[in-house]
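Chain IDs A, B, C and D follow the sequence of writing; residue 1 opens each chain.
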């Protein structure tokens, strides 16, 4: 029987004028090339460019929308899930099999924090740095580019089963 | 560009010994044959048999799990989304493009109620009947079998776009 | 040490012209007189009249709002919690120590279903009737008036501890 | 009519052996003395010590629990709301009228991020520092002690109305 497929979340800024469009495209493309499914918030900016990249390699894309209307999804989303949960849907994204943060605003920071809290493999590119004194929590590893990020991530994600 | 795909939720009892296994299989198969994606709670019983039916026709299946662990998904789920939301994930299922209730317990009743509340096309097979005096809310139409249910449903779901 | 207080959820229609205003007031008043805290969706209609009743007896009221803005709460809410969860907040109300449904639309039906599913004491007044063949799930008891409903409910709610 | 009361969220580590117990107590006490209601995750550590402080000044305390059981609340919680939402309840806490982070792990970091994202007044004491290049998002102000934090916070929270 064909196994369950791995879901990799891409978190990042929704600004349509993001300077990270090319990196997001490359990231989404790399996820599809590694035969995983891209899941994201389904909106504009990094989310849209990553979905476009995944599509360019024949990959599948899921948009976990904060609102009620599936039409809010960007045009590269295959499967639009309108959660109606607002930011609480970030907690769902943070339970994906793997998480990559690319740039991003405060919503992305919340997703990184929860992904690490959940013990999910997570890595960042040009994203938030955070620390506190007497820290005991795991740190977010960083990568210089999408390829390195995905190499690191896929080495740590459980095989589909 | 390929359009977003339509998601049809199948709600029903999780009891693995459900007497509705054959109907659930037929329902899932019909959803896939109509080129829609099956979304369900991802667990056992009606959810599992419907996912098995969708798979048998080459369809895609999503499991919106109540818990934290993707391994809770039944073996016919392609895309397991562990929401960690408990029953609150029912409210997400109730925002799918269309909803079919087949049998089901009280969780299914909550999903039917919210799907109608959201104005989503929804139909039932051998499921809950409910009413109140001075009712102004829409009723749940019923069908005798999966084919009739899906004919009714797909005539009312918006075309993918 | 003073114990945790019991929360009784009142679910019902938001229609400001509801014919159940007097019953809702009496219900809220009875909850406060029994030294419990009223929790509800925080909006208009049955929710507002019940909160007004609880206030009239010096009781405390919580509004678990579906939206983001605490100012959506009706003026009889002491503690407004803007959940931003939409209908998913119904699943939270359904985990209260006890639940009373008074009239109500489809959102109320979802709350009744989940309260019974959670094994919480729940009772209805002039609300939904629901059934299915081969039913194994618990039924919703009904009462003719708020006093009878609360007598039944408080006999079954755990003492605060 | 008595106005709605202001809710101040206290976020912080759940470790029962936290070194921040005295600061948490002082913080909870200060919230109650300013006639606001303390809301927190309802568990141990900073949450428990803050609730104990609020109680010591006659204040009211709400615990927004991640799980299903109200008995998970610490003994200083007056109003236990078992959300069943897991970490998604962090998004609800982040919509409180004001937010103070005291120490804290990754869950706290997610709450800080969402509170700032929501435009709620938020301030930190001995908690996470975070930054990114080309940042456009608001920063988290910090205070040396609970009194300074609350002076800053209450000057910015809207009056109850």
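The criterion applied here is as follows: a residue touches a chain if its C-beta (ideal position, glycine included) is under 8 Å from a C-beta of that chain, and two chains touch if they have at least 3 such contacts.
Note that the structure is a prediction, hence the values are computed from the model and not measured.
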Original post:
Hey, which one of A-C, A-B or A-D is the same interface as B-D, over half the contact pairs lining up?
Top reply: A-C
Original post:
Where the centre means the average of the CA atoms, what chain is farthest from chain D?
Top reply: B
**OP:** Would you mind pulling out the distance in Å between where the CA atoms of chain C average out and where those of chain D do?
**Re:** 26
Original post:
From the C-alpha centre of chain A to that of chain C, how far is it in Å?
Top reply: 39
Original post:
Which chain B residues reach two or more other chains?
Top reply: 68, 84-88, 91-92, 118
Original post:
Which residues, counting only chain D, touch chain A once they are in their complex?
Top reply: 19, 85-92, 94, 103-107, 109-111, 113-114, 116-118, 126-134, 136-137
**OP:** Report the residues of chain D in contact with chain B in the complex, numbered from low to high.
**Re:** 68, 84-88
Subject >> Complex interface listing, chain B residues touching chain A >> reply: 1-2, 4-5, 7, 37, 39, 55, 60, 62, 64, 68, 70-71, 73, 75-85, 88, 91-92, 95-97, 118, 161
